[in-house]
Amino acid sequence: MPQTKKIPLTQNEACPKEHPTTSDFRSRLPQIVDQVVDTCYNNACFEHVEAEPLPSRQHIIDILESCRDILFPGYFRNQGIDRISLKYQLGLEISGLYEKLTREITNAIRHECLRHDISCQHCEDTGKENAFKFVNSLPALRAILATDVRAAFEGDPAAGSFDEIIFSYPGIYAIMVYRVAHELYALGVPILPRIMSEHAHSITGIDIHPGATIGASFFIDHGTGVVIGQTSILGQRVKLYQGVTLGALSFKRDDSGDLDRQSKRHPTIEDDVTVYAGSTILGGDTIIGARSVIGGNTWLTQSVPPDTKVLLKSQELIIKTAQNQPLK
Amino acid sequence: MPQTKKIPLTQNEACPKEHPTTSDFRSRLPQIVDQVVDTCYNNACFEHVEAEPLPSRQHIIDILESCRDILFPGYFRNQGIDRISLKYQLGLEISGLYEKLTREITNAIRHECLRHDISCQHCEDTGKENAFKFVNSLPALRAILATDVRAAFEGDPAAGSFDEIIFSYPGIYAIMVYRVAHELYALGVPILPRIMSEHAHSITGIDIHPGATIGASFFIDHGTGVVIGQTSILGQRVKLYQGVTLGALSFKRDDSGDLDRQSKRHPTIEDDVTVYAGSTILGGDTIIGARSVIGGNTWLTQSVPPDTKVLLKSQELIIKTAQNQPLK
Amino acid sequence: MPQTKKIPLTQNEACPKEHPTTSDFRSRLPQIVDQVVDTCYNNACFEHVEAEPLPSRQHIIDILESCRDILFPGYFRNQGIDRISLKYQLGLEISGLYEKLTREITNAIRHECLRHDISCQHCEDTGKENAFKFVNSLPALRAILATDVRAAFEGDPAAGSFDEIIFSYPGIYAIMVYRVAHELYALGVPILPRIMSEHAHSITGIDIHPGATIGASFFIDHGTGVVIGQTSILGQRVKLYQGVTLGALSFKRDDSGDLDRQSKRHPTIEDDVTVYAGSTILGGDTIIGARSVIGGNTWLTQSVPPDTKVLLKSQELIIKTAQNQPLK
Amino acid sequence: MPQTKKIPLTQNEACPKEHPTTSDFRSRLPQIVDQVVDTCYNNACFEHVEAEPLPSRQHIIDILESCRDILFPGYFRNQGIDRISLKYQLGLEISGLYEKLTREITNAIRHECLRHDISCQHCEDTGKENAFKFVNSLPALRAILATDVRAAFEGDPAAGSFDEIIFSYPGIYAIMVYRVAHELYALGVPILPRIMSEHAHSITGIDIHPGATIGASFFIDHGTGVVIGQTSILGQRVKLYQGVTLGALSFKRDDSGDLDRQSKRHPTIEDDVTVYAGSTILGGDTIIGARSVIGGNTWLTQSVPPDTKVLLKSQELIIKTAQNQPLK
Amino acid sequence: MPQTKKIPLTQNEACPKEHPTTSDFRSRLPQIVDQVVDTCYNNACFEHVEAEPLPSRQHIIDILESCRDILFPGYFRNQGIDRISLKYQLGLEISGLYEKLTREITNAIRHECLRHDISCQHCEDTGKENAFKFVNSLPALRAILATDVRAAFEGDPAAGSFDEIIFSYPGIYAIMVYRVAHELYALGVPILPRIMSEHAHSITGIDIHPGATIGASFFIDHGTGVVIGQTSILGQRVKLYQGVTLGALSFKRDDSGDLDRQSKRHPTIEDDVTVYAGSTILGGDTIIGARSVIGGNTWLTQSVPPDTKVLLKSQELIIKTAQNQPLK
Amino acid sequence: MPQTKKIPLTQNEACPKEHPTTSDFRSRLPQIVDQVVDTCYNNACFEHVEAEPLPSRQHIIDILESCRDILFPGYFRNQGIDRISLKYQLGLEISGLYEKLTREITNAIRHECLRHDISCQHCEDTGKENAFKFVNSLPALRAILATDVRAAFEGDPAAGSFDEIIFSYPGIYAIMVYRVAHELYALGVPILPRIMSEHAHSITGIDIHPGATIGASFFIDHGTGVVIGQTSILGQRVKLYQGVTLGALSFKRDDSGDLDRQSKRHPTIEDDVTVYAGSTILGGDTIIGARSVIGGNTWLTQSVPPDTKVLLKSQELIIKTAQNQPLK
């Protein structure tokens, strides 16, 4: 049996003379409840209580899954699909998606307006319209995702088939969610895009802000730890490996001292660029020229022209061939 | 159609003369079952069989979700909440939490005692008492989490609102779970805190040991790959980016050659320190002084005084502007 | 209340004279449906429509959970287990696993054959046989996983008990899934192994290709960001920390310009090697000799002999002790 | 093995030369779909398609279960209840019930109006108001149900305790649902009351129309087959056995030949009456006077004064004591 | 507190000297298991063990619910339906129904054949064909069910609308299930029809054998206790009340003494007949002529010509107007 | 469109000047909550609040389903069963059943004791022991149920096979539940048996009190409305049709005026008796002699010797062959 850590177990202490009973403890719960209730009103940061219904996180994830079923029909539902049922399946899914999106977008806009004390009359109209615009973009989304799947197959020698990529590659999932969330972001829909992208972040370890702009045939291999900031711009056929950060150099503040939340803070990556694992590229004015290759573990805060190769100069390593000794 | 990898499919081989039937295969299953059963008793490492009920991983995750519903009421349940229902909702949630915690803590302590062959009489009393102490700390947990949410809003230009942060930021989720798990850890509750923190690790990629000590207004941006070791101490208003490790330098062994599982092995980060992405700070005696800024990708095993800036000296890079060539 | 970002809310714009109704929008949905249906047949990359049933991702994850319940009985089901019920529990689980595996392997092989237009007669026979071979390997899998659990306990001073490791360590989960997936990969089963390993990748942030070869007593600490490539070979008692990559240096193409998907592209790590956090080891010919220690954040593309220590030569850092200033 | 019935199995017929394939059959499905769609518009009787959302049968049953949890707290939920949690539990349940009732009543009224082409503006106001009126009647409902439980205990020698009655007596369930449905019926809420009473009918075999008027301390024993018509009036302390019908004698038609759906068609049963199993009492003018006892299997279409006993005159039976012969 | 029945509680007896422990009891379970297993092979009546998969009762009930959603679209699913989605909804439902029916019919036929030791080659072909024939009958089923709904509206003064009938009338549910089950029965499908009709029996208390033949515009009011035997024949516009039995007079046995399972044993009811509550009509040669009315509680084993009224001659009742006395 | 009933819709009334808002209504909910809470303590009949946990109705139904899976293995679970898995399946089911039964019986006894203010020390011991005794009776229960299935096959010409009977006959379900509940009743277990038998009553319309004593080869055909009282005694090979009541003649009261809950109040039916549909047999001293046949719709309160046939003397009916006229 293992020699386990000695956690100071409370119960090993001398037995107290009189034990409080469950009732003693429970009788004090209402007091705690009242304290927690009080902090809901004293504390400005949780301002949504009493407001209109928030958009529901679970419904937004359902919307994402519905999009996935439309964009990759037959992969993620167990019911068989053939030429006969495909149209019915897609028709019902798209019709239901329109309904669910309308409701969640409307809730999100109304919630946003109430927080700003804007007297907005058009929440529902905007919800309907934006939901339609999104649904209308599905064929285009499907087309661009096909380029992403192909890029993965071309870029990864371990890929056995398109199916394997669609079924299992975290990069493809993260890109799909990004493309969906970006579409909603571009329509000005609040809250939903970010909940979507953080859901993909949780599943894949890949964090793409829905505000980023990314071209076709995009491939992320392995992906854990990738960060792509809100104002990044990526061209076509860009390829990123795990641990790549496209980040901000520092935060500007406006005249009143508040953070400047609008300006371009993240880099531009032109067509056909590859960035290897663990590299960091920072700054809104940094441009990586087309067809460049950025080697692993590099740290770039400056632009490079097209067709550039950037390699880490070989590290100076201390190599001691010897008996196993404590690492200093 | 893609040119797919040639996986050596067994079925392409010459057809064997006689096929074993399903019954042939199934008739050999009991033998396999017996072998697996045997290893449950021959093999000391899975010692819990025959013991008292283990704490249930699923119940512990349910407890976490209950805490989240109490600490951020209205965000993660779809039922609308207003001034009328808030108190009932919180009351029932807290009352149920007390019940569930009592049971799981009791199971965890009893299991621990049995493994140590301690004849403990007080498991249930300790369970009740620790569950109450935890529940009693909820108002304070709520207050400190409010400072964390504000820190995220102040620290991230991409944050649209407090709601967006609570709904979607992995950093806030990881910090919430840490604060809950740390409370239980400080009460000496075994097993539960670690299951909680590894659940958050799985969801967010952020690995905070429940034993760490962390002040108010803590912010982790992006977060994937962050590791905060068991004996780390962090002050107030600390800000970490993705991939930051606060780790141990090496492991001491005690006189009998066993690992020293008690001494401080992880660094101290004072108030108002920022550590940028990918940096590693190691060692129990390493202290990063207040208000210091540690640049990205650095590797620190030494202390720095307050108000220090540590930057990676610009890397020596090999930059070749040329036609696209294979990367060497 | 926070000063939130001004998202350009569509509804703030001047109210349009006439609003399209829900019916207006919905009446255009069939057109969109038809477009999406069309892309399912025009676009070669989603070729599975009309084919035989794909293996089901959900069923494959169920198979993984069944394996976990067999390999660590009593930990992940809430029903108590004792000497009486253990045999029945394992017997039923193994018998059901055989059934489910047979079906999914058969589906995977048939799908693969259809895609290659091979006229395969033996899909079901191979499914039955491979399912049996896998089930027959369970006792051996259980034995090797016991060495992995012990390695974690030996290697991590924060580990409180074997239970804590089995319950909560992401490294153990990733290794278990790898060992299961590798067994199926070695039998030539398509698609399943990769879906399994990417599921573990999603849960743990650890990406081990099922094709890798890994010896007993393997330990991964923290683990987020670890990548172990398809043709890696690891000896016994290897220990990896978070963010370690065992990757390919570059991709060879064969005479026809296609990617060479077969040759050894990833390194060999001999017995008793430790690789610290954030290190990258690349190349199919790179061999890290037995008992070597590779320090954190290093970048290795060359072999080192046994008993070598490789350390990053201390970084040149710019350290400015001063008032807090913007980071340049 | 049993000698089983020879069902004419189609597959025993001569094997047809050429089998239609699954595809042949499936290709004809769209035609069938179109036919079914057509009947949705050609056929006046299913007029709700295109209309506003119908009230949801499932939600109405949820409302019933919520009422049961409020009226008999602690019996049908597994969570323990004590003085501390009872108030929170009831508070949340009642608050949620108000919300759900408002929505379903509103939907039911709107649906009704649309069918009548009434341009109604007040659906939601009425929904809110009626939901409140119902919730406001809960204390009174609870009081009257307590009299019904006592009546069951007093009336059934097989009753072991109040708990047994509340847990398991179908009569109590049917009466509870009746009292809830009647309250809504009295408020003029369409559709909901009848869905509720038919749900209880399905569970218990007891069919009480929500329009009936029934006094306190009502007891139904066994109950299967009991029918109580829409315009029945029952006093206090009435006791019915299985198979009792309180029905209409015949249907009047108005001048235009339509059924008269308004007049009193079912009998009046005064206080303290007992009706034994299988008896039938018919007609809107039939009054069973107080304290009367109606024996089993009787057929009454006339009134009887108070304190009457009605017995079936002993049947003329043919009794043949003999060898077992076929029953003619 | 009520005076409750004295159940002889075992625990009130004198405390035994030594208590058997849980382990004592559990250690004897394997012996019991072996006994139960033995009875599975010794006992001819449960012969299905080892055979092919039985049709699944749950799947058959799912098929019924799918039929209900197709025959009454929009009533029993909560998703809103309009002209756009109706076709997709029906298309997908019908396509899935075809798939599920094919599987269950095939299983049912194969199971039947195996029990008879018939070497049947055509199970799957027959399954496909019969499933198609059933699906092809859906438009006709929908048309006839519309006549049944209208009949209910015409026949019941308490009916508020068609919706109320479809939503809540048990008679309509029982008739729908009968019509579906009869269609399968007529195709010679074993087992499924009876499971369906007994499901409806359980829900409604109405027991219609799927072999019965029943014309359009059929109405059953209240319905509990109605029994319609296998060889009954009912014309159009027949109306039955609760508790009506159309049964067999006695069972014939064939020459070998076995029950004659084929001949007509149940009555024929011609067009426009009404049978009131509690009446019993028996015998295969009994014919109730068109437009007849059979009064309540009658017992008929003889035929009557068309346009007959049959009434129970008024019962001889003993009526004692007196003080309340024990019923003798 | 149908001419529907004019339900007095509240919303058609004149629009009130000022509408109360949702908040107005909701603000009055706490007052209602307090009233409902008060009735939980003022009202003696719901005495269980504050007491120990009640047995759970849902768990008791789970126990029933577990029994069904043990007694008819392979029929009601979709997983295939063969010789290999049967033992594991039964072993796990029986082992789990023992666990669940122990808990529910213990809860039921403790609840009973608390209500009687008995200071019982042996609840858990009795729970363990009775659970074991029940489990130990499973082989015998299985044997007697086999006789019941055969009796159904012998007795019903419409029965196609044993499978059809086990799958779908309500009589068999009711008898199975009776036999299980009776076993527990005979052990003195409170509450559980009655909850079980009323569950079967709800599913089948057959109400068999668990206290009744019933011999082997028992068959109930159709069954709706059958009532078998607590102190009934039935021999072997008894056959009942729908609507048969074996009831009490009247209730005796003891000297203190309370109901006599112990004496034999229901009839005795000897071996090989058949009772046809709708017949009523009443009284504790009534004995129906062996091999007798009781015709339909009879009413018996006297004993008959063996080998008797009891038939209703043919009813006097009024038969008018004429034009269709209103039924008087």
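The chains carry the letters A, B, C, D, E and F, assigned in the order they are written, with residues numbered from 1 in each.
The rule is simple: a contact is a pair of C-beta atoms (placed from the backbone, for glycine too) under 8 Å apart; a residue touches a chain by one contact, two chains touch by 3 or more.
Note that the structure is a prediction, hence the values are computed from the model and not measured.
When the C-beta pairs in contact are tallied for C-F and for E-F, the bigger tally goes to E-F.
Separating the centre of chain A from that of chain F, both taken as means of CA atoms, is a distance of 55 Å.
Averaged C-alpha coordinates give centres for chain D and chain F that are 19 Å from one another. Touching of two or more other chains is recorded for residues 2, 4-5, 7, 26, 29-30, 33, 45, 47, 80, 82, 84-85, 87-88, 90-91, 95, 112, 115, 160-162, 190, 205, 224-225, 243, 261, 278, 297, 312, 327-328 of chain B. If you check each pair of chains against the touch rule, the ones that pass are A-B, A-C, A-D, A-E, B-C, B-D, B-F, C-E, C-F, D-E, D-F, E-F. Within the complex formed with chain B, the chain A residues making contact are 1-5, 7-12, 15-16, 19-20, 22, 25-26, 28-30, 32-40, 43, 45-50, 53-54, 56-59, 111-112, 115, 153, 159-162, 190-191, 194-195, 197-199, 201-202, 205, 207, 209, 211, 224-225, 227, 229-230, 243, 245, 247-248, 251, 259-261, 265, 272, 276, 278, 280, 282, 291, 293, 295, 297-300, 304-305, 307-313, 326-328. The touching residues of chain E, when paired with chain A in their complex, are 79-80, 84-85, 87-92, 95-96, 99. Chain D makes touch with chain F in their complex at residues 2, 4-5, 7, 44-45, 47, 70, 72-76, 78, 80-83, 86-87, 90-91, 94-95, 98, 102, 109, 112-113, 115-116, 118, 120-123, 125-126, 128-132, 135-136, 138-139, 142-143, 146, 149-150, 154, 157-158, 160-164, 166-170, 187-188, 190, 203-205, 222, 224-225, 242-243, 250, 258, 261-262, 277-278, 296-297, 312, 314-325, 327. Listed in rising order, the residues of chain F touching chain B in the complex are 23, 26-27, 29-30, 33, 82, 84-85, 88.
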